[in-house]
Amino acid sequence: MSDRWSTSRLEAFSDGVFAIAITLLILEISVPDSGFEDLWGGIADQWPSYLAYATSFITIGGMWIAHHGIFRRLASADAMVMSLNILLLMLVSFLPFPTKLMAEAIDITTDAERAAVIFYGLVLLAISVVTSVLWRYAAGHPDLIEPGVGDEEVRAIATLATPRIGFIVAVVLLAFIAPQIAAFGYLLIAVIALFRQHGDTRPAPA
Amino acid sequence: MSDRWSTSRLEAFSDGVFAIAITLLILEISVPDSGFEDLWGGIADQWPSYLAYATSFITIGGMWIAHHGIFRRLASADAMVMSLNILLLMLVSFLPFPTKLMAEAIDITTDAERAAVIFYGLVLLAISVVTSVLWRYAAGHPDLIEPGVGDEEVRAIATLATPRIGFIVAVVLLAFIAPQIAAFGYLLIAVIALFRQHGDTRPAPA
Amino acid sequence: MSDRWSTSRLEAFSDGVFAIAITLLILEISVPDSGFEDLWGGIADQWPSYLAYATSFITIGGMWIAHHGIFRRLASADAMVMSLNILLLMLVSFLPFPTKLMAEAIDITTDAERAAVIFYGLVLLAISVVTSVLWRYAAGHPDLIEPGVGDEEVRAIATLATPRIGFIVAVVLLAFIAPQIAAFGYLLIAVIALFRQHGDTRPAPA
Amino acid sequence: MSDRWSTSRLEAFSDGVFAIAITLLILEISVPDSGFEDLWGGIADQWPSYLAYATSFITIGGMWIAHHGIFRRLASADAMVMSLNILLLMLVSFLPFPTKLMAEAIDITTDAERAAVIFYGLVLLAISVVTSVLWRYAAGHPDLIEPGVGDEEVRAIATLATPRIGFIVAVVLLAFIAPQIAAFGYLLIAVIALFRQHGDTRPAPA
């Protein structure tokens, strides 16, 4: 009796959840009725929504690439991988909520900004930690790993897949003092993480 | 003339519906305007929404795994399987509505809580019953089953795929007395069902 | 130079649109705040929403099966098939709007009911006509059809794929006199169309 | 070490985002409560929403075909292609927001119409420019292109994939004078672009 799962349907289902979560983000952006009197002004006033949209879009896009990078190196999934993956998807699907809060809170009061920006950062942190735990668990079970994946590559992915836990903590701490600057910090982390993923390539078979 | 359908497109379509239903759940969570005055308090006040979100996310995730477990054992689908599957998807897609009701009703009045929690349980019950009927129907038609699937495995899946009808009934009854505790009961059932699915593995071909 | 397209990506994209449209329907159902004072009553009062939900869910489910039945018989798609398919998807994606209108209008005034139920029927009619035109166009271009599909099968699908245009017209006319009964008529048409699709099976290769 | 990505998962993920963005458009259309007193009038009053819906649906549908046309000619994706693709998806997913603004602004004031129609056009322009840059970048890197794709075909796609940047600029300029006419101009551009995509066919291997 095998207690292993094929990863192909797991990946297809996860891809669906990532694609939907990333596309739903736009539903939260709108201009209030009063904004139509001076619509260019009304559009400009929504800048925190655009910032939050871009940040979460690039974050989820980067997470999708990281997820893809992990699962194409797995030969199969066991019960722990399945559970960690459901937890990861639950956190990624949750991100539109703190995204909306951050977009609404910016420019209300500094207290609301601080709470929303820190809450957003804590969800980012949870996503990063679960991703990291998922890969480290798999790395510790060589029977789950695709045959061609060497030790060095496993370590390289561990570094890549760990999406900047330290940077996120630093930005969360910054949010206590300057929440608006911290909000831009998340965007910067997302862009850097996206570009770093580009380095994640499997060596072509010789 | 064959009256059989290939299951691959059926599975892909069903996967899409599961992935969308699970990701839409977040759209129902928001903090009212008054919550932004004390945003940490406003975020904390939404705890019934987080409970309902986690419960429905894990329930649908577990249902997806159960659905996958059933359909990869089917060689083909007949008219009855098609109809039961549409009915099952209709109930799974319906779950975001009682999820929203439960999240809104908790902490309003005990009467509202009781109605919402029982209504949620009845939808869970309907999902479980239809899933069970679907598998029992297939199990009774050996020509629908993949050649390699033995009688013992069919019975094991019948047990696994029956998602705790008795437990759901018990929690629904509990909801008459203590609806808030019953709401946590659904979460517990979902988590247990998810872990039990992990045992659903086809023996590797010898 | 070929002016033909492979149908596989067309089908995958169409499947996505069908799956999303069918799952979005639930977002329109909610109980107003006043309904929480007597929540069982509030839930019961939403019956027009459940009727509209079930009707549109089964209609789109049946349309998806019909769409699948058409495209698996096409060897390739030309410019006309592409355009008719985009038009068909646009109409299917539009259905959640008249669904919402019908759910809201029932039990307001008979005038509003009549308008909403007729409008819903006209959209159904447009979907049926475009589906029928799509298949008849393909049937008239033998080079688009899969080699193994015989004349008799083409005619049988023409009958199946024409989703009851006469019945829809009859129910739309009925809506002028008795709109609520006509609303149930659409549900009946959807259920019958779903079961008739079950007869759509390609003969297995001999 | 290769720094190349397979394009198949990239395409599947992009298809998901296109399918979701196109189907979400309908969520923004509704008839206000006051419209139910004379529901045919209320439905008719929503014409700007139908115009915006059809325009964005056909635009995204055409973009999906163009995207498909580009990626099936790519043998692999490098870091730049990945980044440009994420940027393109972010802009396509953003389109429902200016769609909603345009639908709401038409028939409010000419100032609001002008702002909304120009804003919509600027997003269209950004989508077209990024698509064009993406293909031109790939065209300049022969190692990314599928072996069978000739120079002439690369140039033909460059022309096709450039979705009428000049026409969009002209309509944006028209919007300064006559925004309602310009809104219909976008629909015309979308329909023409859709039909021009039909000419995008790879020569069958001889």
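Each chain gets a letter, A, B, C and D, in the order it is written, and its residues are counted from 1.
FYI, a contact is a pair of C-beta atoms (placed from the backbone, for glycine too) under 8 Å apart; a residue touches a chain by one contact, two chains touch by 3 or more.
From a predicted model like this one, the values you see are computed outputs, not experimental measurements.
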item	value
If a chain touches chain B and chain C alike, it appears here	none
Same or different contact residues where chain D meets its copy chain A, judged by the half mark	different
Whole-Å separation of chain centres (CA-atom averages), chain C against chain D	26
Intercentroid distance (Cα basis), chain D paired with chain B, Å	36
Touching two or more other chains - residue numbers and ranges from chain C	12, 16, 20, 24, 27
Pairs of chains, among all present, that meet the touch criterion	A-B, A-D, B-C, C-D
Residues of chain A defined as touching chain B within the complex	1-5, 9, 12-13, 16-17, 20-21, 24, 27, 78-79, 82-83, 86, 89-90, 93-94, 96-97, 100-101, 104-105, 108-109, 111-112, 115-116, 119
Chain C contact footprint on chain D (complex, rising order)	11-12, 15-16, 18-20, 22-27, 29-31, 36-40, 43, 53-54, 57-58, 61, 64-65, 68, 194-195, 197-199, 201-204
